[in-house]
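The same chain A turns up in both complexes below, where it pairs with chain B and then with chain C.
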Partner chain A sequence: MQKIIVSDTPHVRSKLTTKRIMLDVIIAIVPALVAGIVFFGGRAAFNVAIAVVSCCLTEWIWLLIKKVPVKDIFKKFDFTSIVTGLLLALSLPPLDYKYFYIPLLSGIFAVGVVKMLFGGTGKNVVNPAVTGRVFAFISFLGAMTSGWIQPAFGSISGEVVTGATVLTDMLAGVRPTLSNLDLFLGTGVTGCIGETSKVAILIGYIYLVVRRVIKWQWPVIVVGVTGLVGVLLNGCDFTLFLPYILSGGLIYGAVFMATDYVTSPANNLARYIYYVLMGVIIALLRKGTGIETVSFAILLMNLIVPLLSLHVRPRPFGSVPFGVLVKEKFAKLGKKGGKAE
Partner chain B sequence: MDGKKIKNIALDGLLRNNPTFRLVLGTCPTLALTTAAMNGIGMGLAVTFILICSNVIISMLRKVIPSAVRIPAFVLIIATFVTMVRMLLDKFVPSLYESMGVYLPLIVVNCIILGRAESFASKNPVGYSALDGLFTGLGFTFALTFMGIFREVLGSGSLFGAHLWDFKIEFFTSSAGAFFVYGVFIAAFNGIYTKIDSKIRALHYDKMMALTGEEL
Partner chain C sequence: MKITKGKRFSGGTHIPDRKELTADIPIEIMPSPDIVAISLSQHIGKPSVPVVNAGDMVSVGQLIAAEGGFVGANVYSSVSGKVAAIEERYNPNGTKSNYIVIENDKNDWSAQPLPEMEDKTAGSILQRIRLAGIVGMGGAGFPAAVKLMPKQAVDCLIINGAECEPYLTCDYRLMKEKTDEIHTGIMLLAKALKVNKVYIGIERNKPDCIKAFSEYDDITVVDLKKRYPMGSEKHLIYSCTGRKVGLGKLPADAGAVVQNVATAYAVYEAVELNKPLYERVMTVSGKGIIHPKNLLVRNGTPLDMIITYCGGMRDDSAMMIAGGPMMGPTMLSSNLYTTKTTSGLLVTTSDEVDMSGPTPCINCGRCAEACPMRLQPMLIDFYAQANDFEKAAKYGGVKNCINCGTCAYVCPAKRSIVQSIMLSKKKLAEGGK
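Let's turn to the complex of A and B:
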């Protein structure tokens, strides 16, 4: 007699695991990482190494304290801590070697407090890398805002950034001296390790879109809205649009941090509202404070995600769309009116 | 006075009903003033003093105050002592007075003092009320001092105003750090408390078993 095996769903499993997606993200970060190390040399590599090691060690030590067997720790390790460490380090300025404790402590804070305290991968409320950066920014303001160094390649247009960064100049009302091409390639641009070369970030972006890890619209909305609102706030000068979006960490944050699955709404409409609001907040905060505010805006928006998920619900399958409902109502009203006359 | 009741009052104020970590009362000064250990102690002692005095007076007047207007009456009594403490501090410790700022007059509406007046002093005799004020105040002081030490050492690299080292994590002196440290302290306190409590309970259970010789 033939035996029939009864099993629960799911019956078909895909190969798309958290590990696979995180590996894709790591591959997408590699161009920005390489660009950062080429531009800023040993300092960049040093910072990245410390951040990644501190993130991974924090996770392992936490799990050891929780008495998870060592075998399980390595079997279940899903690369999220490596991604956090990389994203965190690339969003820091190329800090001097004596500030080794900044990536170290931010890594511990990012993974230990933001992720593990809330229950591990997928349960964090806010993005660990963004929060780690904000922690570093609040805690070590002096080191974080004076760590800018000139990259290895000078600008093609032959100009030099006069102030701290291009963005701080621009927000203070000075027209950027560097050409858009310089800003795009990152030559002569002072800034954080990963955000300098937009080309490298765009390569990562294309890889993520091709691998279907993110949709192409997501970062585009954030960057576009920020640029538009920023231009409107700065006297409607549309020649400032490109410098406005190409300077600072906007593209970096929009591609790698705003698209984090865990901390953005799951349904499409809520997600688009999330990105539009994020763009508006980035531009407003940039105008208000005169410094780069992408990380703060992402952190703020992460906290609003539960509200968005609660109030913007997807339409259940088979229900009548709201627009159709309104139309029918009006049609009925029209008929009634006609009869009465 | 009954020794067992005094012991209960002391344990309640310091541990079991610790106003900061167990009841989560008086959070406003806790978050705002624990940037330095000295502020924590100052605030804690000021509250302790006011708590003892107001508890005594309210306990004395507990049969006179009509229950319909008891809250305004309590606030009036508390406000009297807060004004006294403000004047004394302004005269003798002006630096502490400066650093406490608006939180000193705000003691009038501190939930701990109103809470003890409502739940203890208005129902118990004067002696016990004074002791309750003392131990609740000490519980508050000890909580604020520990948080203050933690935040001052990490956030400003000093202890009670004495410079220790140059390394500072300014996050801990910011208001975000206040919430973070408060949360961590509540978690740690309650974790340790529950562990000790369950051990004591188990011990008592064994004793009862040995005495009666049967399962409870």
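Let's turn to the complex of A and C:
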């Protein structure tokens, strides 16, 4: 007989593992990745490859420096760095080959500084991919905003984007010329690698919901609130609702970035508040700056997550019902008032 | 014929029940063992006080230890023979308590069953339950008579036939084979409690039991969804009556008393057959056991004898569990003994149980979503790891935890959340709060 094992309860566990969840996220990203490569060709593939390799290597080298045995490094590798690399690359514009150092450095920053420095998987305060993108955006502003190229498929409506992106046009007050269908399919839309084709993101979203990695409400709240507040801020023109949510990186960010477990509150009540606030901030920042601000809004919201997690909690099963609690408070106030008189 | 659907509580999870190993195997009477060691702390409350000495001859059903206080229980000999020793031995959970060790002479000589009852009033039934040493046989082992004398006004009795722990089928077999006897026991319990409303909650994976009990007009069968931890007192009360037991309150505060089906059967035996509680049905299961069985075993039977009786262990057995796999402790050796509350003995192979170590928490929130008490297990785990138990109580709500283990079951990072919870509770109790 082999060794008898003694452990803590429960002795049966669900089959789900962190690795499996991360694999599901990777699978969900694949449609957006394929769409990006089809639309923007070799440049897109090149950027993604650099970012993923850079992220994974950063993690491994970090662990090697920390003298973790090589065997353990591969055993404990949970795919999170691949996810970070993919999400980061897809949120970058299809940069020219000469800018290879941008995905490389942002990958190193995302995993090295944002994740490993804080203790690795699960310990990071802000989303590594989002922070990597913001790092690239601030550090290489010129390259990041000049790299827009037309996708392989022209728009169905026959129009061409005149400004940098549809969103920047729209925020500057120009009505979008592209049809909503174009914006949805990504045909003729300039933008970052992964965010142009909403239909590809939607496939990933459905996969994540079906696999129960995320709840369907999460991205819907972010997108819905952003759209509503955006419409209200732009003169209550509800015809702008669809172009407003379909352009820019909103849907991409809402599906893949905002749903990140580590950097959002763990209980659903706090999560819903988090997403509503995030939607409001995205719309306000878009209005205030005139550029796409989803990544900055997510970054800002990440910072208040610990507060939300601690202070917004559901009441335990069997607590005094909220209504009764309020009534008792009022009854007490009434008594106090009575005494004063 | 009354069947109602159970009310759904938030949280909980679906766990593959793996009951097929023993569900169709009838209860078998295990031959009495050569030696028994009967624990004096088989219940919650004061340990029982031995009334026999080493060297005394005892008969089956003879009182060998009397209740040590109001919250206590009598203990009866399960075999006839000579008391070899009264000594400290290990309990399955690793603690120690006193045991009366009896060498079986295999005469099965029963001298003095409990006296015939003159009348069956509420008072006399209660007295009989107390005398027979009946405790809650679902696992907690709270003296049944004490539970049936609540200080608050109670208007319903709920019988727990949920059996939500995977593997275990002892309650199922009992309900199937002894339906009439259990029904009689339930009505006796209701009489002792002076209530008219009687519910029996049975999980949907036991449709034949739901049907069998729906034949009686005086009890309402509650058809419960298969969901762990359905058998938790608080959640069973909610499912059956829609009432919530307040935090830190007793079921009686919600007007309900919960008893297990096995307890109801023991009450039937004590009242109708004048038999004290000295044996019970338990499930011996798991892939590591050659012939899984439902056994009627005598109190104090050594576990290794049970394993031998069931054909022994497979070579690749990895873990021995006393009770169910969700809440039962693992055992280091089989040199331990059954008690009034031993509902199961599992020997599992390594592919049945999870033995992967913990990985970092990714804050996915599945534990919080699955927690039937709506607590924040990830915060308890986080603060317990940081030795900040006050915060584990403040933000995680560890004091209201029912130890069901659902959080750790669903955790994709396989964290030892229950261990953190136990540690927090212990440290908080030591801190005098």
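Throughout what follows, the second predicted complex is superposed on the first by the 318 of 341 C-alpha atoms of A that agree within 3 Å, B and C clash if a C-alpha of one lies under 4 Å from a C-alpha of the other, contacts with A are read in each partner's own complex, and residues count from 1 in each chain.
Definition applied: a residue touches a chain if its C-beta (ideal position, glycine included) is under 8 Å from a C-beta of that chain, and two chains touch if they have at least 3 such contacts.
The structure presented is a predicted model; accordingly, all values stated were derived computationally and were not measured.
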> Between chain B (first) and chain C (second), which, if any, makes contact with A:L240: first, second, both or neither?
Replying inline: neither
>> I'd like to know which partner A:I304 touches here: chain B for first, chain C for second, both or neither.
In response: neither
> Which touches a greater number of chain A residues, chain B or chain C?
Replying inline: C
>> Quick one: is A:L277 in contact with chain B, with chain C, with both, or with neither? Answer first, second, both or neither.
In response: neither
> Is A:L202 touching the first partner chain B, the second partner chain C, both, or neither of them?
Replying inline: neither
> Now for A:K123: first (chain B), second (chain C), both, or neither, which partner does it touch?
Replying inline: second
>> Is A:L141 touching anything from chain B or chain C once the two structures are fitted on A? First, second, both or neither.
In response: first
>> Going by the contact definition given at the top, which residues of chain A touch chain B in one complex and chain C in the other?
In response: none
> Quick one: in the complex, what on chain B touches chain A?
Replying inline: 167-172, 174, 176, 180
> How about chain A: which of its residues touch chain B in the complex?
Replying inline: 101, 105, 113, 135, 138-141
>> Using the touch definition from the top, list the residues of chain C that touch chain A in their complex.
In response: 9-11, 13, 15, 166, 234-235, 238, 244-247, 249, 313, 315-321, 325-333, 348, 350, 352-356, 359-369, 372-376, 378-379, 395, 397, 400, 403, 405, 408-414, 416, 418-419, 422
> Given the complex with chain C, which residues does chain A contribute to the contact?
Replying inline: 1-14, 16-18, 20-21, 76, 78, 119-123, 261-268, 271, 309-310, 313-320
